[in-house]
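The same subunit A turns up in both complexes below, where it pairs with subunit B and then with subunit C.
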Partner chain A sequence: MKNIFAVAGVVIKELYRRKDFYVLFIITVLICLVMASVNIFNDPKIARYLKEICLLLVWISSLVIAITTTARQIPAERENRTLLPLLAKPLTRPQLIFGKFFGCWFACGLALLCFYIFFGALAAAREHQWPLLDYFQAAVMHWFMLGIVVAMTLLGSLVFAAPSSNSTICFVIIGGILFVGRHLDQVATSMHEPLRAIVNALYFTIPHLEFYDLRDLIIHNWPLIEWKYIVLALLYATAYIFAFLLGACLVFRRKPVN
Partner chain B sequence: MTAILQTQKLRVEYRSREMRQGIKVALLGLDLEVRAGEVFGFLGPNGAGKTTTMNVLLGFVPPTSGAASLFGIDVRQPIARQRIGYLPELTYYYKFLTAEELLRFYAKIFGLARGETDKRIAELLKLVELEHAAKRPIKSYSKGMQQRVGLAQALINNPDLLILDEPTSGLDPLGRMKVREIIQRLKHDGKTVFFSSHELGEVETVCDRVAIIHQGELKAIGGVHEITGKHASLEKAFLEIIGFNSSTAP
Partner chain C sequence: MNSPRIIFLLLLALLVFCFGLAAQLSPQFQSWRGSRSGGDIFNVVLGDSRRMFAQSFYVKADAYYHSGYYPTMFDNKEAFQTQHMAEDTGAVNSNNHGDEESFLGPKRNWIDAFGRHFFPDRHTHLDEGGPTDDLSGSENVREILPWLKLSADLDPDNPQTYTVTAYWLRERMHKVAEADVFLHEGLRNNPDSYDILFELGRLYDESYHDTARARNVWEEAVRKWMKLDADAQSDNKLVFEQITTHLAQLEENAGNLPRAIDWLHAAQKVSLTPDVLQKRIDDIQKKMAALIPVAPAKLY
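And then the complex of A and B:
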């Protein structure tokens, strides 16, 4: 485990020493503060729109951070040749993969924490309440969703040579899952065999990232979701994370690194 | 003396894109033995198979056939790398880290204790003359400084065997002299050094034994004086061994 955490530590250092996170955070803060400073149409429920926009920005920023940070990890190690001295040490390839995963995931968690603290402060300023448990549920679910995204992108970085192509493909897949994934079973019913079976298989194979989108819960101040469902969703995410990491380890196992 | 690096009938083949997926043989039954405490020069023209041999020894590339071992342990076992240090050619270390952080990271992988790590980092930064730049990010380092930080990372675990891939490549004369001094100091401390180089004058100065490889085949192995033989220098012997005829050269 010490090797995994040593690799993860370097990834976390990289995230907070690069400008990407700060740029996204500042843009989110600026947009939200500008939105918060105006009260369009004197709508008393304007805080809901503000929360919606802020959470949408947090979601977009977190996905950008997760995908771009993860996509460059292994390709940058190859390009700069740092993979060579690293693997010349008693570090196994699966340890490197898991280290990169935990580093990216924890780094995303730290970024998410900053975003949610800002969001909480902004929402509290307008609504004068602080539903901590709601925020906790939303943030944990969001973080586990990012875990799936990070593991998927890491696998992609071993399959596709260029980080840009991997990032684009991951953005398209994740966007597709978030927007279309939940409707695939309904789409399948209007199809004929064998297409129906293929679309149905796709519906049950893809990780349903939309399960982790609890934005409406905090926008509309809905009651908390029962914890047993949250635990089930986290287990579902863990299963996908391990499946993607196993795939990454298998791809990387025999890959020449020179 | 015991052999701490050994290859037996090592053969490496790979599919070459240039040859339309044809098979290219990088190593052709290489038998090599490096004994404890010696400085061993691994020579050959570009594309001879020097880096491929190192890649196999470090577990980066699996051999097609044959065997390779370090300290008697199969190179495919990660534990075989516990007592070695490796300096690759032209590496650009994590530019967002400082030299101290980089060395601390590698020390963690070797499982060094905190106190031992601090002591080792101080010693190594002094050895490679980077004490003044220890807290500066690596991105601000010159090429020579990066190579020196590379040498420091290769020595972090106080290795018994040091594998250096063209350690003086791209360095100015002062940098080369410094690397040479470090190799000689390691030899004095009883360490084994296995290194590839194109600087034959340097090899002549520091090596006990050399091996010359050409087109994946071992052409000669022995003491520097033994290889040089009747020739005026190692360079002349090297050219003759690889079949270069100076009279027909342009």
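And then the complex of A and C:
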């Protein structure tokens, strides 16, 4: 565990040295402040459009940070020829994979914390309420969704040749799951065999990232979700995270270091 | 050729040429039908595709009216053909049928059943309290307004956006002045719109209690509606019925009972419930009969 967290620590330091997060955070803040300054029928209490825009930007920014940070981890080590010395130390390949994963995931968590604090402050300025538990549920679910994304991208970085191709493929897959993942079984019903069976199999195989998107509930002030469903969703995410990480360990085991 | 003086003169000649060419082309570009230079920012950036975005934002406003409980392109949309926020204004023909409570249908599998815990899954309207069912929070209907305003900015030729926005501004948020300004903006963009004139008349009658202006505006709305061709008239019967029944009520309140009956007769021609209107006509006729003074008995 010590080795894993040592690698993770390096990854977190790398995130706050890079400018990606700061740029995305500042853009989010600027867009939200400009949108907040718009006068809509002289009513300063209108808040939900602002919450929606802010959460959309938070989601896009977090996905960009998670995918781009993770996609370059192992290719960069290989390109800089630091992978071999790393593995020459008492560090196994699975430890490196898990270290990189935890580093990226915790880094995403830190970024999310900043984003959600800003979101909470923005919403409170308009609505004069602070539903902390709702925000906590949304942030935790979002973070675990990013865990799946990070694990998937890490596996992709070992399969695909370049970080750019890996990032693009991951964006397409994750976007596809978020937009149509919930409806794949409905899409399958209008198809003929064997395509129907394939799409149905896909529906039950893919990680359903849309579970973790609580934006509509937060924007429209719906009551809290029962905690048992949150726990089940987190377990579901953990299972997929481990599945992708095991896949990454298996691929990395046979991969040449240079 | 390499001397800086020649290069400078060449640059100057190019600048003069560019200036002259721009001056020559600019008037032609302004008068060209495809020019976007005269429009607002949306027109410049989006061109005619802005109408498509306007419709999306109009639907988005209705999704906000339902606090996010709204069918996607994959769900059964029969009960959402006409936006409920427009239907609830009482001046729009409804094409909705089917069960609005359960467009999601029965749970299809465990993933679908589990997923329903993570998005809005209950039919509510913002003006009726929204997800909390708190009727005192009906002013939350304000949340639909940004999308309606954006929709009107993108497609200023859609009268319904103005009438729906003005209705909610006036009815739930008590912002009569803002509704008035918005309706006039709509009228400037759609001078032949009887829908906007009808809503403006309601504003004058119900909010300003200015019956003279309400009468003028509604009568103008009737004239605009009469100018429609037969097909358009048969598609827009509801608004004509609304205008004429409102005029009838106004005349009845003002004591012009024969005029009120005339308007009700006009409404009967397009109404789906002529019997109800006939009953109103009978009531007014009874009132008129009661008002006719009884002839005095002969004294000698």
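As a convention for this text, the second predicted complex is superposed on the first by the 253 of 258 C-alpha atoms of A that agree within 3 Å, B and C clash if a C-alpha of one lies under 4 Å from a C-alpha of the other, contacts with A are read in each partner's own complex, and residues count from 1 in each chain.
Simple rule for what comes next: a residue touches a chain if its C-beta (ideal position, glycine included) is under 8 Å from a C-beta of that chain, and two chains touch if they have at least 3 such contacts.
These figures come from a predicted structure and were not determined experimentally.
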Touching partner for A:92 - first (subunit B), second (subunit C), both, neither: first
Contacts of A:22 with subunit B and subunit C, given as first, second, both or neither: neither
First (subunit B), second (subunit C), both or neither touched by A:84: first
First, second, both or neither for A:242, with subunit B first and subunit C second: neither
Partner chain in contact with A:136 - subunit B first, subunit C second, else both or neither: neither
First, second, both or neither for A:213, with subunit B first and subunit C second: second
Subunit B versus subunit C as contact partner of A:221, first or second or both or neither: second
Greater subunit A contact set [subunit C / subunit B]: C
Which superposed partner A:9 touches (first subunit B, second subunit C, both, neither): first
List of subunit C residues in touch with subunit A within their complex: 64, 67-68, 72, 74, 108-109, 111-112, 114-115, 117-120, 130-132, 142-143, 145-147, 149, 169, 173, 175, 178, 182
Subunit B contact footprint on subunit A (complex, rising order): 2-3, 6, 9-10, 13-14, 17-18, 80-82, 84-92, 254, 256-258
Contacting residues of subunit B [partner subunit A, same complex]: 14, 51-52, 55, 58-62, 78-79, 81-82, 84, 86-88, 90-94, 96-97, 101, 105-106, 108-111, 150, 153-154, 157, 163
Subunit A residues touching subunit C - in the complex, by the definition given at the top: 38, 40-43, 45-49, 141, 180, 182-183, 185-187, 203-204, 208, 210-214, 216-217, 219-223, 225-226, 229, 232-233
